[in-house]
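Right after this note come the structures.
Below are two complexes that have chain A in common, paired first with chain B and then with chain C.
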Partner chain A sequence: MNDAFTASGIVSAAFWLTSLLTIAAAIMVVTLHDIFKAAVFLALSFVGVAVIFFLLNAEFVGVVQILVYVGAVSILIAFSIMMISDVSHGSQPNRGRYVAVTVSALVLAAIAVVAYNTNWTLNSSLEDPNAIAGLTGQFLEEEYASGDGRIVDLYAGDTTTAPSEWALQRAQTGVLADSTPTIGGLLVREFVLPFETIGLVIVASLIGGLALMRGRRNEPEARGGG
Partner chain B sequence: MTDGFLDNSLFRNIYCYIAGGSDGCAVRGYDAGFLPSGLEWLAFAITAFVLANIFINGALGGVLALIWGERRILARFQNRVGPNRWGPMGSLTSVADAIKTMFKEDIVPDQADRFLFNLAPVIMVVPVLLVFAVIPVGIGTVVADINVGLLFVIAVTSASGLAIAMAAWSSSNRIAIFSGLRAVALLVSYEIPMALSLVGVLMITGTLSMSGTIAAQDIPFIIVQPLGFLVFFLASLAEMSRTPFDLTEAESELAAGHLNDYSSMKFGVLFLAEWAATIAGAAIITTVFLSGWRGFEPIPSHLWFAGKVVAVLFVIIWIRATWPRLRIDQVLNLAWKGLFELTMINLIVTAILTAAMSDLEADGSMFSRGELLIMAAVNWIVFFPSVYLIGKLLAAKPYNKDGSEDLPDYPVATEQDAALEGAAD
Partner chain C sequence: MTVQDLWLLSPEIAMTGVAIAIVFADFFISNKRTLAYLAVGLLALPLLFSLNIWFGVVGDTTATSGLFGSIVADRFALFFHFLLLGITATVIIGSVQYIERLKEFEGEFIALVLLSVTGMLLLVSARELISIYVALELTALPAAALAAFRRDNLSVEAGLKFIILSAVASAVLLYGIVFIYGYTGTTNLAAILVRLNDLPVDSSVPFGSYGVLFAVVMIVAGFAFKMAVVPWQMWVPDVYQGSPTPVAAFLSTASKASAFAVVIRIMYTSFGSVDLQQDWSALFAVLAAASMVFGNLLALSQTNLKRLLGYSTIAHAGYMLVGVAAVAANTSSGSAIAGPQGTMYYLAGYAFTNLAVFFAIIAISNRTGSNEISSLNGLGKRSPLLGVLLTVGVISLLGIPPTVGFMSKAVVFSAAVNSGLLWLAVIGVVNSVVSAFYYLRIVRAIYFEEPKDDSRITADVPVLFATSVAVVGVALFGAVPWLILRLAEKSLELLLA
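Up next is the complex of A and B:
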C-alpha cells in the first residue's frame, strides 16, 4: 500500500486538491451572508485540514481534528443558529473586522515564518540504518523481510547487510504512522504542565458557563423557558 | 500477535493480482501482475474502487435485509404476521419499497434552502459508509486498517449530527427544527460517554487499531469490560437514534422529524443512512466487545462476524419492541448523570487494574488470558453495585408537595393553577 503511494503522484495531487478545497471553503465562510451555510462551509474546511493531516501521516491529529472541530464545534455552532430566528437572510457587517484582519494576518505571518525556518529533512536522515534504529522505537523488535527473501533484523544492529527498499519504506513510514503513542507519551511526560494547564482552563470555563446559567435560572422570568 | 491479525490480505490480494511486480508483492511471492511497473498508481486506484464497491454494496444489501428482518421480528413480537407477500416470507419487500421510493415525485418545499436541502442526504450517508472502511469483517478482510480505527469511527459518526442539523434547518419547518435541536443535543451528549467507554478498552489493548483490538481479545471484552459495554451499547443506541432514544423521530409529536419534508430518493438516502448506521453500530460493538471475527475453527471468520452482528441487531430490535420512548430531559439526564458517572467508575477501576497488572508483565503491552480473567472478575464485582447506585440516583423522585425548591424543569399543574382555572370557569 505504501509503495503504491510513494511510487505515484497521488499524494501530491490529493494535497493540492484538498488545499484548494479548504481555502475555497474558508473564503466561502467569510463571504456568505447565510450564517448556517457559513457554518457548513466551516465544517468543510475543517475536514480539508483533517485530510491534510492524514496525508502527512498524522492520522491521530487528523482524526482528532474531525472529532473536535467537525463533530463538536461546527455542530454546536449549528445548534446555536437553530435557536435564533431569521438569521439566514442577511447579516450585519462585523464592527471588529479590521482588528480581526490584523490579528489573522499576524497569526498567518507567524506560522509562515516558523514553517519557513523549520528544517523539514526528517526523511533523508533515515537512509542510515542506525538512524532508523534510533528513531523507530517500537519497530525495533520486528524483523523485516528483505527484497531477496533474507530477513534483516534491524534490532541486532545488522549493518553489514543493508535493509532492503521495502524494509526501509516500512521503517520510514513506521516512525510517522504510529504517532499516537508518541503523542501520548509527550503529553504526560515533557509537556505535562501545558497539558494540565489546558485542562484547568477548560474546567474553569465549564464552571464559569454553569455559574452563568445558574444565575439566569434564579430570575423569575427565565423560568418559563425551561 | 500473529500475522493474520495485522495483514490486510484482501487489499493485498487484489492489488498484487493487478500489479505483482512491485516491492511488497515480490516479497510475498506473487507472480508479476498484468500491469507494467510504473503503473502502480492505476493498480492502487482500481483496487480502491473494487474494495469500495464491495463494502458499500455489502452495506446497502445489509440495509435491505435489516429492514425486512426488523419488520418480520417486530411483527412476531407484536403477534402479527408482518410483510409476507413479495418473495419467500416477504423477503423482497424491501426491494419493492426501494423501487417504489425511487419512482416517487421529488418535491422540494418552496421555503426550503435548496442547496442545504439537497446536500444533507449526502452528508448524512457518507460518514456512515466511511465507518465500514475500518471494520474488519473477517480475517484480513478490511478496506483500510488505519492505526487510529476506534477514534476514526467515533470522529466520523459524530459528523452525522451536522447532516441532521442541515436537513432540519433547510426544511424551514418548525417541527423539523425541533427534531434537529433534539438530535444535536442528543448526539453531543452521548458522544462523551461513548468515547470515554472505549478508553477502558484502549487501556487494556494499548492500541487504537481495530485489528489490534481484536487481537487482544482472548476473552471478549463484553466479559472483561461490562460497564464499558453497557455504556457503549446505550450510547450507540442513542447515536443511531434507536428506541428508547428515538425522540428525533417521535411519531406522535414530530411525525418524522427532520425527514418530514423529504420525499422520493432523498428520503430514501436519509432513511438508508439511518439503517446503515444501525448496522455500523452493531459491527463496531461486535468488533470492540464481542471479539470481532474470532471464533473456533471449522466456521469461517466471516460467518462468525456476520453471526455476531446479527445477534447484536436482534437485541437492538428486541429493545425497540419492548421499551417505550424516553423524554428529552430523561435522555439527557441519563447521559450526563448516569452514563458519564459509570464511565468514570469504569475508567478508574480499569486504570488501577491495568497499572497493577502491567507491573507483573515483562513487556507491558498485552495481557494474557489469566490476567484478563482477573480483570473481568474485579469489573463484574464493581459492575452491579455501581449500576444499582447510579440507577437509584437517577430514579424519579416524588414531587416536592410543599413546593419549596425542587421544581421539575417542565411545567407542572399546582393547586394554585387548579384554583385559578376554577375561578376562570
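Up next is the complex of A and C:
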C-alpha cells in the first residue's frame, strides 16, 4: 500500500513542507535588509510553527501561537517599524555575521548529534504509569490502560465518577486527542505558581517601562556615583 | 491550593504585597527618605513569615513541599531568604541618597528592587523547572530596568546589554529544560532524579546519555549568566560600570546568591546520584578555574573602580564554584557537605564584603563625582573613617585574615582538597595572590597617594550606616565563622538527605 495515501503519509508530507517553509522564512528574516519585509517573513514563520503544532495534535498551542504571535506580536513589530523613519535603508550589515553563522551551525550540529544519539524513551516502552502520564502531559490521578499498552487519563481529575465519554474514546485511540482541557487543568493546578508569577513579571515590566519613559526634566546629575 | 501551600508561599506573597504597597505609599509620602525606611521596615513581614516556617510556629511543620511539588520551603530555601532579605535591607538603606536625588519615580525604584527580590525568593524555593524559569525572569526584568535607571548613555547601554544577554541566557536555559523534559517526561526536580534512575544508562557517555549531558550543560550555561561565571561573564563589567552603583551592589550580591542557590538545588536534587555528581563536578571545576583566571587577569589593568569590581566579581564567582565542584560524593575526609556549605558561607561573606566596598565607593563618589581609582587618592586623610571601612572591605575581597573573605576561601579550598580537587585549590590560591596586585592598588591610593584636593569627605548618615553594618558583618563572620557555617549545615541536611 502506498504510504503517501494514508493519513500518516499526508501528515508527514505536510510536516516536511511546513518545516521547509518555516526555515526558509526564518532565514529570510535574518538576511533581509529591509526590516519591514523581515517582519512579514517573521509572521510567516510564526504561521509555519503554528501549523506544526496542529500536526502534533497540540491544537490549543497552535491557536495561541496564531493569536499571540501572528496576531499581536507581528502587528506590534510592524507598528514599531512604522514609527521609525528610514525603513527602506534597513539595518547595517552585521559585521559579526560570519562568526554568528559559524556559532549557529555548531549549535545546530550539536543539537542534531545529541538528538540523534539519545535513546529517547517511547511511551510504549515504559512501564511506570506516572512516567507515561508525565510524557503525555497528563498528571491526573487515575490512569487506565488501553488495550495496546498506552495509558491515558480517563477521569480528568474527578475520581468519584465514571470515566467520561471523550476520555474513553481517547483511551481507545491512544492519542492526545483533546489537549485543551488538560492544559486548562494544568494551568490552575500543577502549574498555578508559574502562571501567577507571570502576572508579577507583567507588573514589573509595566513599572519598569513607566520609570524608564519618564520625562527628561529634573534629572539627577549624571555623576559617576550613582 | 491549600492553606498549607499559602503558608509555604507566605514570604513570597508578603514580599509582593510590600512591593505593591510601596508604589501606593509613594503617592502619599512626600519625604522619600521616610518611604525608603518604610520599605526597610516592611521587610520584617517576609522575614517573620520565613522565621515562622523555620521554627514551625504556625502551620504544618512536617510538610515543606507544596503546590503539587512546585515549591519547597525547606531550610535551604530559608537560609537564602534570610540572606536575600538582609542584602535588600542594606541596599535600600544605602540607596537613600540616590533615591532622594531621583526627584521622581522614587517609589518605583524601590518597588522594582522589591519585585526583583520576590523573584529571587521564589527562585530559591522553587523545585520545578518551569517555576524556576519564570522566577528567573521575574528577577531579571526589574533588574534590567534598574540598570538603565540613570538613563545616561552608559546606563542605557548597561540596561540593554543586561536584558538582551539575559534573554539569550534564558533561551539557552529553556533548551536545557526542554531536553530534560523530553528525556524524563517531568519538570519536577525530585521526579527527574527518580526517572533518571529508572532509565537505561550508557556508561560511555557522561551523565549516562547525550540528551542529559546536553541538558545539564545548557542549564548550567543559562545560570552562568546570573552567577557571572565564564562563559557568560562579558556583561558584568559593562553593566556594573553603567548602572547606578546601588544597583550594581544589588546585582553582585543578591542576584548571584540566588543563582548559586538554584544551581546547588538542581544539581543535588535532580542529578544527585553518585555517578552524576562526579560528572558535573568536573564541569564546575573547569568553569571555576576559567572564571578565576579570566576575572583576575582582566581586573589587573582596570582603572575604573566599578569595572574593576565587575572583573573581581567574576573571579569570586569562580572561587564560589570551587565549593560547588567539591561534591559530596567525592569527599573522602571531613564533612561530606563541606563543598556546598562552603559556597553558602562564601556567598554570605561575599555579600557583606561587596556591600561594604560598594557603599563606601558610593559615599566617596557622591563627593568626588568620579569612580576612578585615582579619586581615592589620599582618602585616608580626607575621611579616615571611610578609608578604614573601604580598606577592610578590600582586604576581605583579597582574602587576608581575620576577615570573612579569608575564612570563606579557606573553607572552599579545603573542601576542594578533601574531594580530590587539589589542582583546583592550587589555581585558587595562585589567583588569590595575583588579585593582591589590583586590590592593594586601591589600598595604596587610599593611604600612600597625595590627594589633588584635600577637602574633607563627609558621608551621608544612611550610606555610612549601611557600610558600617556590612563591615561589622565582615569582621564578625570572619572571627566567628561557625555562626554561618552551622546555619548552612542545618540548611543542607534536608537537601542532601
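Quick note on the criterion: the second predicted complex is superposed on the first by the 117 of 226 C-alpha atoms of A that agree within 3 Å, B and C clash if a C-alpha of one lies under 4 Å from a C-alpha of the other, contacts with A are read in each partner's own complex, and residues count from 1 in each chain.
In this text, a residue touches a chain if its C-beta (ideal position, glycine included) is under 8 Å from a C-beta of that chain, and two chains touch if they have at least 3 such contacts.
None of these values were measured; they are calculated from a predicted model.
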* **Touched partner set for A:66, first chain B, second chain C, both or neither** => first
* Once the structures are superposed on A, label A:37 by its partner contacts, choosing first (chain B), second (chain C), both or neither. => first
* Name the contact category of A:109: first (chain B only), second (chain C only), both, or neither. => neither
* To do: Name the contact category of A:11: first (chain B only), second (chain C only), both, or neither.
  => neither
* If you stack the two complexes on chain A, which partner ends up touching A:99: first (chain B), second (chain C), both, or neither? -> neither
* Asked: Counting only touches as set out at the top, which of chain B and chain C does A:191 meet: first, second, both, neither?
  -> second
* Please write out, lowest number first, the residues of chain A touched by both chain B and chain C across the two complexes. => 224, 226
* Quick one: in the complex, what on chain B touches chain A? -> 8, 11, 15, 19, 22-24, 26-27, 38, 40-41, 43-45, 113, 115-116, 119, 146-148, 151-152, 154-156, 158-159, 161-162, 165-166, 168-170, 177, 180-181, 184-185, 187-188, 191, 195, 208, 409-411
* To do: Within their complex, state which residues of chain A touch chain C.
  => 110-111, 113-115, 117-121, 128, 130-132, 134-135, 139, 189-194, 197-198, 200-201, 203-205, 207-212, 214, 218-226
* Show which residues of chain A lie in contact with chain B when the two form their complex. => 1-5, 7-10, 34, 36-37, 40, 43, 59-60, 63-64, 66-67, 70-72, 74-76, 78-79, 81-83, 88, 145-147, 149, 164-166, 169, 177-178, 180, 224, 226
* Parts of chain C lying in touch with chain A, wherever the complex brings them together -> 1, 9, 16, 20, 23, 67-68, 70-71, 98, 101-105, 108-109, 111-112, 115-116, 118-119, 122, 126, 128, 130-131, 133-135, 137-138, 141-142, 144-146, 148-152, 155, 159, 175, 179, 182-186, 191, 195, 198-200, 202, 209-211, 213-214, 243-248, 361-362, 364-366, 368-372, 375
